[in-house]
Structures are given as C-alpha cells and as structure tokens.
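Once you scroll down, you'll see the structures, which are given as structure tokens.
One chain, chain A, appears in both complexes that follow, with chain B as partner in the first and chain C in the second.
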Partner chain A sequence: MANKKTVDLVEEKAALMRRDVIEMGYAAGGRGAHFGPALSSIEIVAGLFFGIMNHDPKNPTMADRDRFVQSKGHACLAYYAALTETGYITREQMYTFKGDNSFLAGHPTRNMKYGIEVTSGSLGNGFAVACGMAKAAKIKSDDHKVYCLVGDGECNEGIIWEAAMNAAKYELDNLIAIVDRNGVQLAGTTKDIMDVDIEALWRAAGWDVVVVEGGNDASSVLEALQGMRDSSSGKPHVIIANTTKGKGISFMEGSLGWHARPMPQEFYEQAVAELENA
Partner chain B sequence: MEIVKRPHVENFIEWSKDKPEVVVLTADLTNSSEVGKWRDTYPDRFFPMKMAEQNMMSFAAGLAREGYTPFIHTFAVFIYRRPYDQLAMSIAYPKLPVRFVAFLPGIATPGGVTHQAIEDVAIMRATPNMTVLETGDATEVESVLDVAHSVDGPVYIRMLRGEVPRLFPKAEPMRLDEVRVLSEGDDVTVLTAGITTEEAVRAAAPLAAAGVGMKHLHVSTHKPFGDPVVLDAILGARHGVITLENHTIIGGLGSAVAELMAENAIGKKLVRLGLQDTYAHGASQAYLMKEYGLDAPALVRAVEKLTGRATGITEPDLDAVRIEAVHSLAKAEAL
Partner chain C sequence: MTARGVDMRKAPTDRLQEWSKKGHRTVQGDTLVMLAADYPDMVVISADLTPTARLTDFRETYPDRFFDVGIAEQNLIDFTVGLALEGLRPFAVGLAGIVPMRPAEQMRAALGYMNANATVIGIEAGVRFGPLGNTHYAMDDIAVVRAIPNFTVICPSDPLSTHKALYACAEHEGPVYVRLTGGPGYPVMYPEDFDFQIGRAIEYRPGSDVAFVSSGSLLADAVGAADILEGKGISARVVDMHTVKPLDTEMLDRVFAENKLVVTVEEHSSIGGLGGAVAEYKAGFADAPKQLIASLGDKFQKLGDHTFLMKLNGLTAPDLAALAEANV
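For the complex of A and B:
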C-alpha cells in the first residue's frame, strides 16, 4: 500500500496540475492544446514527480536523478504542469506555453535547464530513447531508474515493439514504462482502430506486466509504480494504466473532439467551475 | 482576396467519384488530413492504417501492384522521415502510382520540430522516380489531383489545408512542370513556391513603385524542373536571382535553381532565402517566417542587397500580411 501522506500529496498536486492544464491550454487561445491526452495522464505524472522519482528541481542535471521520458509528447501540458508544481519552471514561464518566443512548445523540446529530458512528439521514438538511457545506466552501474509514458495508440507504432523486445533482451529492469490506456487515440477509439491485446503483446515481448484498473486513482497508480520500481526481476516493467481521456472535465471525458483544439471562454469557465467543485 | 475553407475536402470527393481505383490510406490523422468526409462517402475505399506509417507505405505498394491508386494522407513529416526506406524500396523503386498527400509543409505549424517538414523536398527530389509537387493556393489544391494522376509513378504533394487563399484564377489550373509568371521585370528574378509566393506578391507593388523590376515565378513542380521559362528568366535578370522557400536552403528550390544555373554556365549571383541549415522551433507561422527571413521584408532586403539600391520600402509599405487564424473551424486541430 502506498503511504497515505504520499497519496494525499499526489492527489493535491494532481488537482493543481489539472487546473494548470486548463489555464495553459486556455491561454494558448486559438493555437489550441492537447487537453484530453494530458488529463488522462495526470495521476501518472503527478505520482512520478511527487511520489516516486528521485529528482531535484534546483539541480535538473543531477547525475543520479531518475529520468522521465514523455514519449507521448503531445500530452506535454501534463509535463509542463508537473514542472511548474515542482518548481523547475515559474508560473510566468508556464503561461508562455505555445507562445512565439517560448521554450514550452506544443511538443516537448529537450531543455535540461528546465528538466525536459527528451524531445518527443514523433510518436514511438521517445520510448526507444528511454530504452537506450536505461541500457546506459546498466553499463555504468548507475542505480537510477528510467520512467517512460507511452500512449495506447502510440503502441500501434512498430518501433514500440522493436524497442520492447530489445529492452527485454538487455534485461532492463531499471526501465518502467507506463501505458496511458485511455482507449481513445486521434481518429477514433483504440478498439475501432486496431483491437489488439496489448497486455499479451508486452508479455510476449518479455516484459513484466501489471494492469492498473484505477489509472486515475493516485493510490492505485502509486502502488503499481512502487512495486515496479522496487522489483529487480531481470525484466523491464510496464504498467498498463486504464485511464479516462480528458479525465476530470465532464465534456472532455472520453471525447475525440477534445484530443486537441482551442478552448473558447465558455468552456474554460465550465472547466474551472468543475475543477473548483471537484 | 478570396479565402477558401478546406478546398481539398469536397474537391477530392467529387474528383474520386468516377475513379474506383482510387483508395485512401491514413495513419490516425483522418480529419487532420481533411479526409473524414471522404471516408464517410467511400467507406469501402478508405483504409485506416492505425498509427503505423512504415506498414502503411509497403501496404500501399501491395495495393498499387494490384491496380489500385493509393492516396496516402498524413502530415508530411510522417511520410518521408520514419518510413523512408519503405517509401523508397517498396514504392519509388518499382515506380508505383502512389500519391503522397503531405500536410503541414515546412514551418506552417506551431507544432515544433517534430511536426515541421523542412527537408522533405530535398529528400523527395533525391529519390529516383519521384515527382515532387507543391500547392500554393486553393486553385492548385483543387487541380493538383489531375496533375498527380497524369504521372506514371509516385508523386509527393506538399498540400495546404484549412483556410487557403485563392491567388490564381480557377480557370488556370496547375500544370506539370510549368511555372506561373506573376510579375515582369529585368532587375531580379524571384522564384517562390507554396506559402512563400504570397510574400513575394506582397512585395511586388512596392518594389515596382520603387523602380525595381522583379520577375516573379511561382513554382509548383519541384521535380521535374525543366520549364524553359525559368532559364529565360534567369538569363534576363540583370542583378541576379533570389529563391524564397519554406524549406531548408539545401536541396530544395534554391538548390534546383543553382543546379540549373551551373549546368547552363550562368555566372550570376543567386541568393537562397529559406531556413539556413537549421531546425526551427515551435511558434506561429508569421513569427517563424519573420524570424527565419522567409517573409516579404526579408525579400525586399535581399533585393536591395543584390541590386545595390535602397528602395526605402519599410514594413508598413508592404501589403498587409494575411494572418491566418492559427486555428479556425476549418482546421481539425491547431497544429
């Protein structure tokens, strides 16, 4: 069981991060933002940054920091929210999201000064980079872990499976992938687009697999992450987290339309009201 | 200027009506590639290939080998970067009639480096058997399908979506390997393609008023590149030639012109405006065009340098920029 204090902290931070996502996306105006993909992953990202990872916002290049790779880069709002709430970036910087002169682009762009580890957005690649980082830690006998957030639609990409098989061959048990299984990708539901049993695929590739039913429940997510972090089974680990796309905002939940779009004022007001009453 | 909302959507549906061999493939970018309505109209000819671009290429090759004409629709970067080997070996080498409809060319997206196709023309030009087209307005978006269909082999199309201006009359469709002459003059020859054409058009009147003769050619076929009008225009340019492209200056329009000049022993100055061998960052199109020197003011400065003549033209003298709403209802999402 995850410690109650940590669960409370992650829940509190997750609520703040949801609000940050809405604020940043709204501030981006007509440029729009990927709301649904960020909101489904909030508990996972908050759990990592506030309950699991060894990291120091004052020292983003600390050698023994745990690494976080957000392979599903279009969900960068969740990442930027975590960087804000942990103090890697200021609130003022947060509000520059997607601005003309901002380093907070529509997809994460590597920037070690502010804790952005890997450029991502061309889906699939980030995960393979994470595998290479985990292998490097093994070669150097470093103890840190590599955490990688992957989309369930992203698992369509061939490179995911090339990398997964490779990671198992190299016995990268310092690597923990989390699949944000929200069931909706861009042009349809994951089921409609390609109905595959990804649990079986990850197992067949040689990974330790755990399915978390409550992927938007801080306690369940933390428990799974801790279990994987503390296991040295010789296999890489994957948590398949069942989440809700757009979690927390009624009109975004499970919606295709809120994958990426601008947020008009009336929707913003409704979203804020829902978060405040949550 | 007329602004056309999503010219590809209805036009492609109508065009496909009597062409049962035409099939459409996408990789989880259906509405984003403006084929949502096409799918609903011809569900039996539409193949969602999930988000798996490599497989999509070789699968399309299989369809093409058996007599179908696949129109692959997705963002440009996802056509020529990840699945290039499949594109080259399964499609280009056997010269199969696959059409690549590539959206978000160059810096026409705030999506950042992962979504900016800044070297696609270079790579596609270097690919044997490939024909390379680029649309610059609504008329070309509408007529590029006929051009592509007339080609016996693979065709790469830099495509525009959302709100697209109509710069050229509907009655003057795109033609294979034919440039359009948009202004006459014998001081400098300027070649543009795609979204940079509008920039040179903005500069045309002020330059003429300042007494500078600009011959402006709009290019919609990058390969083949054999229209004799281009060579004539280069020969007739007193001070030299300027290319302005939404692409890195290596391997694209500027390089095509350089090759042509060298092969014809034309000893004139050539200025290549475009991304100067750099990736771009994420920002609005207007901002990036200014930052990287792809806009009308950058062109005016280059003309001044080449002619050695100060024009006195300042930004307010240039026709207003047509700022496209980065997002509008015409676009599937703000990328």
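For the complex of A and C:
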C-alpha cells in the first residue's frame, strides 16, 4: 500500500497540475493545446514527481537523479505543470507556453537547466531513447531508474516494439514504462484505429506487465509504480494504466474533440468552475 | 454529395475563397473526395490523422476506400506501395514534418526503387506548425525526397494549384511527393482556371533585373517583393517553380540569360531544397548570374508562430525586396 501522506500529497499536487494545464492551454489562445492527452496522465506524472522519483529541482543535473522521459510528448502540459509545481520553472515561465521565443514548446524540448530530459513529439522515439538511457545506467553501474510515459496510440509505432524487444534482451529492469491507456488517439478510439491486446504484446516482448484499473487514482498508481521500482526481476517493467482522456473536465472526458484545440473563454470558465468544485 | 451535404463536384474556382480561408488541409481533403469520383481505383491511406488532414469527409463518403494504418508511418508508405503495385491509385496523407523523414527508407527502397504509382501528401510543410516546435517542422523534406530517384516533388503555391496538382498526380506515372504550405487565409494566386503541368514552371510576372524563383505559398511574398522593387525602379521577374523535381530547366535557362540576380524563395532548409536544386543546375553554366537562397537556413528554429518565424528568417516581402535590392 502506498503511504497515506504520499497519496495525499500526490492528490493535492494533481489538482494543482490540472489547474495549471487549463491555465497554460487557455493562455495559449488560438495556438491551442493538447488538453485531453495531458489530463489523462496527471496522476502518473504527479505520482512520479511527488512520490516516486529521486530528483532535485535545485539541481536538475544531479548525477543520480531518476530520469523521466515523456515519450507522448504532445501531453507536455502535464510535464510543464509538474516542473512548475516542483519548482524547476517559475509560474511566469510556465505562462510562456507556446509563446514566441519560449523554451516551452508544444512538445518537450531537451533543456537540462529546467529538468527537461529528452526531446519528444515524434511518437515512439522518446521510448527508444529511454531504453538507451537505462542501458547506460547499467553500463555505468548507476542505481537510478528511467521512467517513460507512453501513449496507447503511440504503441502503434513499430519503434515501440523494436525498442521493447531490445530492452528485454538487455534485461533493463531499471526501466519502467507507463502506458497511459486512455483509449482515444487522434482520429478515433484505440479500438477503432488499431484494436490490439497490448498487454499480450508487452508480455511477448519479454516485459513484466501490470495493469492498473485506476490510472487516475493516485493510490493505485503509486502502488504500481512502487512495485515496479522495487522489483529487480531482470525484466523491464510496464504499467498499463487505464485512464480517462481529459480526466477531470466533464466535457473533455473521453472526447476526441479535446485531443488538441484552442480553448474559448466559456469553456475555460466552465473548466475552472469544475476544478474549483471538485 | 458527401455525408455532410456539400457538393464536392462544384467548380474549384467557386471554392477558392472558402478554400483559402480554411488553408491547404481543406483544399487537399476536398480535392481527394472529388478525385475519388473520377478515379474508381483511387484510395486514401492515413496514419491516425483523419481530422487533422481534413479527411473526415473522405472517410464518410468512401469508407471502403479509406484506410487508417494507425500511428505507423513506415507502414503507411509500404502498405501504400503494395496497393499501388496491384493497380490501385493510392494517396497517402501525413504530416510533412514526419512522413517523408520517418519512413525515408521506405520512400526510397519501396516507393522510389519500384517506381510505384503513388502520391504522398505532406501537410503543414515548412514551419507552419509554429508553436508545436521542431519535431513538427518540415525543413528537410524536399532535400530527402528529391534525392530519391524516380520521385517527382511538387510544392503548390495556392488553393487552385494544389487542387490541380493533385489531379495531375492522379494521371502521373511514378511516385510523387506533394508538399503543402499555406495556412488559413493564404493568398489566392490563381483566381481563374489555368494550365498546370508537372515540371512546367509558370512565369507569374515578367521582369529583367532580379528573378525570384519560388516554391510553395511563399509565391505571394515573392510577388509582394517584386511590387516593392518596382516602386524603386527595379524590375523583378517572378517564377512559380511549383515542381522542384524535375526542375523546369527551360525556364531557368531564360532566367539565367535574362536576369542579373536569382533569388530562390522557399520555406525549407538552405540545403537541398529549391535553392539547392537551382544551384546544382546552375553549376553547369560558366556565366550565370549570382544566386541567393532565401530559406530557413541550416538550423533548428526558435519556437514561435508562423508569422514570427517568417520574419525571423527574412522571408517576408519587405525582407525579400531588401535582399534583392542590396545584391542586384
């Protein structure tokens, strides 16, 4: 069981991060933002940054820090919200999201000064890079872990499976992938676009697989993450987290329309009201 | 009629303002629906991009002729080639920033090498995706595809030429890459029906001092630059080199013989795009005029919206005019 204090902290931070996502996305105006993809992954990212990872916002290049790679880079708002709430970036910097000359692009862009470990946005690549980072830790006998957030649609990409097989071959049990299984991708539901049993695929590739029913429940997510973190089975680990796209905002939940778009004022007001009454 | 009740067969010229307001994605999406009516073998393949690429109408109108391979761009190309080899006429649609690069090897080994009759459409080319950042910019797509033998590369400059280019692709033998630039509200350069032929550049306006040779939606800015120069007594020719491969060398021969300065204009890296193609051809001339390459340079871009990035890279009409004036 995850420790109650940690669960409370992650829940509290998750609520703040949801608000940050809405604020950044609204401030981006006509440039729009990927709301749904960020909101489904909030508990996972908050769980990592506030309950699981060894890291220090004052020292982003600390040698033994755990690494976080957000392979589903379009959900960067969740990442930027975590960087804000942990103190890697200021609130002022947060509001530059997608602005001219900002370092907070619509996809994470490597910037070690502010804790952005790996550039992503071209789906699939972040995960394969994370596998290389995990192998590097093994080569150097470093103890840190590598955590990687992957989309369920992203699992359509061949590179995911090339990398997954390779990670199993090299017994990267210091690598923990989390699949944000929100069931919706860009053009349709995951069932419509590519209906596959990803659990079986990850298993067949040689990974330790755990399915978390409550992917938006802090306690369940923390428990799964801890279990995988503390296991040295000789296999890489994947947590398949069942989540809801757009979690927390009624009109975004499960919606294709809120994958990426601008947020008009009336929607913003409703979203804020819902978060405040949650 | 489509599922949405829009008459897709309406004359393209009637739709120009509407198309230009909605940008090139809509133009290509609508045109694919029109093409399907004329070409029963025509099919569309996409990689989890239907709404982004404005393919929803196509999917609804021709559900049996639309295929989504999932987020799998390498498969997008090879699957397309398989369809083409068996006599279908496939159009594969993807993001210009991802599709020619991620499956570059499939584009070469399957599509190019087997000389398959298929068209690959790259939407949002150049830095159109502004705030999404460099993973979503297409600054190297012309360079990559142009280097593959058998490929034809087309960069239409406006809605009607995009429409006509896609019709030309349906008749073309061999692989084509169509690179689409021009966001919502992009200028209508060809308001009337006109003759569009693959490989045949269009002299958009005559001029004797400078020649702007442009590709894609920057044609409008090149014309704007020519207007500015005219006010200063400098005569500027503007050429719409909509086909970057094969180049219209007859048109270039005239430009080299008649103009004092060539400025190639493109929303692409300074390496391997239209500028590179023109320079390669020009290398065979002992006394051709000087050439300047107006482009995105050889760098990853700063983050910003499209207008910001165009200014930063000197690709607005006043920038192009100043560049030409300083060098002519």
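One rule holds for everything that comes next: the second predicted complex is superposed on the first by the 278 of 278 C-alpha atoms of A that agree within 3 Å, B and C clash if a C-alpha of one lies under 4 Å from a C-alpha of the other, contacts with A are read in each partner's own complex, and residues count from 1 in each chain.
By definition in this document, a contact is a pair of C-beta atoms (placed from the backbone, for glycine too) under 8 Å apart; a residue touches a chain by one contact, two chains touch by 3 or more.
Model, not experiment: these values are computed from the prediction.
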Checklist entry - Following superposition onto chain A, is the placement of chain B relative to chain C best described as a clash or a fit? => result clash
Next on the checklist: Quick one: is A:Thr119 in contact with chain B, with chain C, with both, or with neither? Answer first, second, both or neither.
Outcome noted: both
Next on the checklist: Just checking: does A:Lys98 make contact with chain B only, chain C only, both, or neither of them? Give me first, second, both or neither.
Outcome noted: both
Checklist entry - After superposition on the shared chain, which partner residues are touched by A:Glu157: those of chain B (first), chain C (second), both, or neither? => result both
Next on the checklist: Just checking: does A:Pro262 make contact with chain B only, chain C only, both, or neither of them? Give me first, second, both or neither.
Outcome noted: first
Checklist entry - For A:Lys169, is the partner it touches chain B (first), chain C (second), both, or none of the two (neither)? => result neither
Next on the checklist: On the A-aligned overlay, A:Lys140 touches which partner chain: chain B = first, chain C = second, or both, or neither?
Outcome noted: neither
Checklist entry - Who does A:Lys191 touch here: chain B (first), chain C (second), both, or neither? => result neither
Next on the checklist: Counting contacts the way the document defines them, which residues of chain A are shared by the two interfaces, the one with chain B and the one with chain C?
Outcome noted: 28, 31, 73, 98-102, 105-107, 109, 119-124, 153-154, 156-158, 185-188, 193-194
Checklist entry - Hey, which residues of chain A end up touching chain B in the complex? => result 28, 30-33, 73, 98-102, 105-107, 109, 119-124, 153-154, 156-159, 185-188, 193-194, 259-262
Item to check | Contact footprint of chain A on chain C as seen in their complex | outcome: 46, 48-52, 68, 70-72, 74-75, 98, 102, 129-136, 302-305, 308
Checklist entry - For chain B, which residues count as touching chain A in their complex? => result 26, 28-32, 48, 50-55, 77-78, 81-82, 110-115, 281-284, 287, 325-328, 333-335
Checklist entry - Contact residues on chain A for chain C in the complex? => result 28, 31, 73, 98-107, 109, 119-124, 153-154, 156-158, 185-188, 193-194, 256
